[in-house]
Amino acid sequence: MYYVVTTAILVTMALALTRALVGPTVYDRVLAVNMFGTKTVLLVAIIAFLSGRPDFLDLALAYALINFVGVLAVLEFFQKKRHFGRRS
Amino acid sequence: MIVDVISFVLLALGAFFVFMGGLGALRLPDLYTRMHAASLTDSLGTILTLGGIMLQSGWSLATVKLLTILFFLMMTGPTASYALANAALLSRDDDAPALPPATGGRE
Amino acid sequence: MWTAQLPALVIAGPPAAAPVAARRPGASWSWAFAALASAASFAIAMLLALAATEVTAISYAVGSWPPPFGIELRITGFSALLMLIITGASTIALVGGKASLDSDIAPARRHYFYAAWLLAVGGLVGIVASGDAFNIFVFMEVSSLATYILIAAGGNPRALPAVFKYLVMGTIGATFYLIGIGLIYLMTGTLNLVDMETRIHDVTDLKPIYAAVGFVTLGLVLKAGVFPLHVWLPNAYAWSPHVVTAFIAACSTKVSLYVLLRFDFMVFQGSLGGHDLQFAGFLMPLAVLGILVASAVAMTEGHLKRMLAYSSIAQIGYIVLGASLMSVSGLTAGIVHMFNHALAKGTMFLAIAFIATRLTALRLDDIAGIGRRMPWTLGAFLVAAMSLIGLPGTAGFISKWYLVLAALQSGAVGALLVAVVLVSSLMAVYYIWRVVEAAWSSTPGAEAAGAREVPLPMLAVLWTAALASIWFGLQPGLPLALSRSAATYLLGQLQ
Amino acid sequence: MKYFGLYNYWVFTLLLMIGLYAVIAKANLVKKLLGLSIFQSAVFLLYISMAKVDGGTAPIIQHADEPQVFSNPLPHVLILTAIVVGISTIALGLAIVVRIREEYGTIEENEIQARDRDR
Amino acid sequence: MITAFGFVLLTLLVVTAVAIVVTPNLFVAVMLMSIFSLLMAATFFLLDAADVALTEAAIGAGMSTILFLGALALMGEREAKQAGRQRWLPLAVIALTAFTVIYATFDKPRLGDPAAPVHQHVAPWYLEQTPVLMEVSNVVTAVLAGFRAYDTLGEVLVILTAGIGVMLILANGRPDLSRQGRASASVGLRHHLIPRVVGQLLIPFIVLFGLYLQFHGEFGPGGGFQAGAIIAVGIVLHALLEGEAAGRAILPTPVLVGLMTGGALLFCAVGFAGMLLGGNFLDYAVLAANPVAGQQLGIHLVEAGVGITVTGTLVAAFHAFADREPAA
């Protein structure tokens, strides 16, 4: 069953990557990156469990946190761009 | 035994929702609908999958960690979605067509 | 007891001083601190060099972990010579170049600048002291990053694209080196250079090792600025702060050559037979081409610093040529040329730094007449230039003499190589003559007309360095002894 | 199976080439840095791949009494170091690019060269 | 089966890398780079490199993306069309390199071969001796901060150098905004209530998690680098939410420089302490009466030095970019 879930996650990662590649807007790509990040968290959680090392769930936690900060950094980036764009 | 069955069902559902969300994020026509699909994987897919693992691991440190992960994902996922939608909507003011036509947006 | 700790002091001193220098903004304080730390390292390097002449190698186990499990410092005559070059060049440049640095580096940046300087010294010393392949990579990056900062620290915007190019190419070079040692590690399981040397004999599948030879050679050749991978070098030298040019021209490319020779002769040579192909077929033609092409470019170059930068590329060619002859006299010539060239080129760039405190532009037209206004500075420049050309009585003559001797021993191509050395020396005479002609031109430029000679203490430092070129031409004992011990040590693996 | 076992090294090669191509062929300086990043990551993959042992697990010893197979810790240590070296280089490179953009008004290599010639 | 998952990840990795090079929009390339790092981290995790995976995620996907975005905010996102740029040189270089690498792969031991030379020499000694000599369960930490601590010192110097460099290079030209007393261009996400509240809620957890990684590094994945990067991400999150000025206020530049240099000094001090107490440089055994306790003390101090320097440098680098305005 774990394998099925892992496969599903991998397929979804591929789909998210496709979305990130085709866009079309930058927001689609950010969405895809965010989705990709959460899928990585799930993947790591499952693999940690599969390989019998649940102590590695720390990694999944770290990924979840970093992913969130990454998305906020992107938003701040948009905001800054808009700000600078308007001034000039 | 029963726990195993429940957890397998949860995992299977989780896999299903993760996949469907991914498919939706690829196939749906515009940003906002795609966002809807993506949040499906982030919420339902995550809860079911992590729930399934939690049942398997029983009461241990791993479960606590999984709960923490779940908590964080539940906090951050919707926030990120909100912020993203908000940014996309605001960007309508200056350059991009934020509410794109049904055929899709523009780069 | 304390002498046993000398290797640790020399590698840890400058890096430990760097954070201290960075902490306190203050114009002269950080300069004095950096100069002091640099001079102290020079003193330690002296002691180490004396100690290194007595034994083949001084081994020091960092953290008391026995090699190959821990990291070993391994100081040979070769590394001691390089250490003297590095710390000596740094000390002379810092002490003599204060006025120039004060005008080049904005006050708000100075404490960072001197910290970066100490890190560069620490990184370079770390490379030559290390006996561990990966450790060399780490310190290579310390010194490279610090050097990029030093180059970009001046106010000249043209330094920025130059340093970016250097950063990209330097990183590619270092990464190639990392791939190379990864492949060796894959086949031998060790990172310690001495251990590698013995274990590489047992490797039966040689393809990864051959590829490793390729990657290590390519990476280091790139970092050393050997023709035709020198493209980062002229602009990086030309647009950096003048004193920085004096420092990096004296030592940074030579350290990469040191690593290259260390790998080629110690690690690879033992097991792979002569691999003449690499030397005779690859490095020697590059060296010869580099000498000729770079000298030719220097002859036509109109900017003083770029001219000398191209001259440096030609000189790197000499060092590689000496090594590619694969004989004791050839290697001795190459290694002693590292020392002699560092001395001569460092002095010349320092003299240019002095000129630049009086002039804003350094094209040959701009320096017209400066020799009449600043005779002592230009005099020292000329003494060092004579050593660069290789006139008898100067240090440069010693290295060229040995190079010619080694070339003559090497059979058929020897005569051709001698011709190359002679032709390129004539080319050097030509481009130096262009400087002389411009500097003593009777129609001085607007700025040059009002220039004054620099103060006496600065001249004293400059002339010390210039006279050292003469001194080591007449008394080549110490550098020659260290070089010869280095050459026999390197070639010892072949016998 | 022998060739499956080399798949990691092939991907390493491909990534190396892709990164190197971007560094050399692209004129945009930020793109060059991204290429450099890929290039360095490829080397990380090489090292980590060679550390793997069949049936092994991460080199964190859980119960000293029962025998376990561990992957090789040394390349992990080296790559931890190399990752930090990588970000240091990238940070410095970005700082330089920002200054280039301020001085030259562009981050395209050929335009910078053209502007340098005009000076 | 896990190996097959690894293949999928590797294939995605190649696809992403190609896309990064091909896309003309730099922002998109940076987004893809963050995906690339996540994929790389997942691959490392599958290959048993838990510590490396953590570092790659925190530094590659986290800080590196943030730094790229910070720089990109100061310049255009569009890559110019390149006309007439020569193609043969890059292709020749690449063909040469590819040939060398492919040539080398033929005799390489396959992935996971336990008989490969790498697993025969030095590494087994580490695995055997770490529990005995140091009583530390994470061998990666033991090698990093113990057996090869000198490498790690070099490492700290690299990151210190980068920090000094970024501050030096960005120090002149345009004065930074905060010093001018003008309203900062970066107001952060103060007007976005939900991200702000949730983000503020998370910051303590992120820092706490970082500290956990710092002090748990001997027993599980973690250590100074990872902890430093995660704590830096937490501090950066504060600056993102509250704006540059507020972010600067909690850790002003002198404090950041103090952290950067302080960590490196701590590391060097541990090294010299070993010498003063009669051992070699970075010899921890002499730090305490019991060699094992000495080793553990040394590892703790050194890891703390690493963590402090990494935090200081990454935050300082972030501010150096975030504090500027784009050139006209």
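The chains carry the letters A, B, C, D and E, assigned in the order they are written, with residues numbered from 1 in each.
One rule holds for everything that comes next: contacts are C-beta pairs under 8 Å (C-beta built on N, C-alpha and C of every residue); 3 or more make two chains touch, one makes a residue touch a chain.
Everything numeric here is computed off the predicted structure, so don't read it as measured data.
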| item | value |
| --- | --- |
| Partner chains shared by chain B and chain D (touch criterion as defined above) | A, E |
| Of A-D and B-E, whichever chain pair has more C-beta contact pairs | B-E |
| Chain at maximum distance from chain E, centres defined as averaged CA atoms | C |
| Rounded Å distance, chain A centre to chain B centre (Cα mean) | 10 |
| Geometric centre distance via CA averages, chain D-chain C, whole Å | 28 |
| Centre-of-Cα separation between chain C and chain B, whole angstrom | 57 |
| Per-residue multi-chain contacts in chain C, two or more chains | 134, 138, 141, 145, 148-149, 152, 179, 185-186, 191 |
| Shared interface positions of chain D, touching two or more other chains | 16, 20, 50, 57-58, 60, 62, 74-75, 78, 81, 85, 88-89, 92, 96-97, 99, 103 |
| In chain A, residues with contacts to at least two other chains | 13, 23, 26, 30, 32, 51, 53, 55-56, 58, 61, 65, 67-68, 72, 75, 79 |
| Set of all touching chain pairs, with the criterion as stated earlier | A-B, A-D, A-E, B-E, C-D, C-E, D-E |
| In the complex with chain A, residue positions of chain E that touch it | 1-2, 5, 8-9, 12, 15-16, 19, 25, 27-28, 31-32, 34-35, 38-39, 41-42, 45-46, 50, 53-54, 57-58, 61-62, 65-66, 69-70, 72-73, 185-189, 192, 195, 199, 202, 205-206, 209, 213, 220-222, 226, 230, 233, 236-237, 240-241, 325-326, 328 |
| Residue ranges of chain D in contact with chain A within the complex | 57-58, 60, 62 |
| Of chain A, residues touching chain E in the complex | 3, 6, 10, 13-14, 17, 20-21, 23, 26, 29-30, 32-33, 36-37, 40, 43-44, 47-48, 50-51, 53, 55-56, 58-59, 61-63, 65-70, 72-77, 79-81, 83-84, 88 |
| Of all residues in chain B, those that touch chain A in their complex | 8, 11-12, 14-16, 18-19, 21-23, 25-26, 31, 34-35, 38, 41-42, 45-46, 49-50, 52-53, 56-57, 60-62, 65-66, 68-69, 72-73, 76-77, 79-81, 83-84, 86-88, 90-91, 93-94, 96, 100, 104-107 |
| Residues of chain D that touch chain C when the two form their complex | 16, 20, 23, 29, 32, 36, 39-40, 43, 46-47, 50, 74-75, 78, 81-82, 85, 88-89, 92-93, 96-97, 99-100, 103-104, 109, 112-113, 116, 119 |
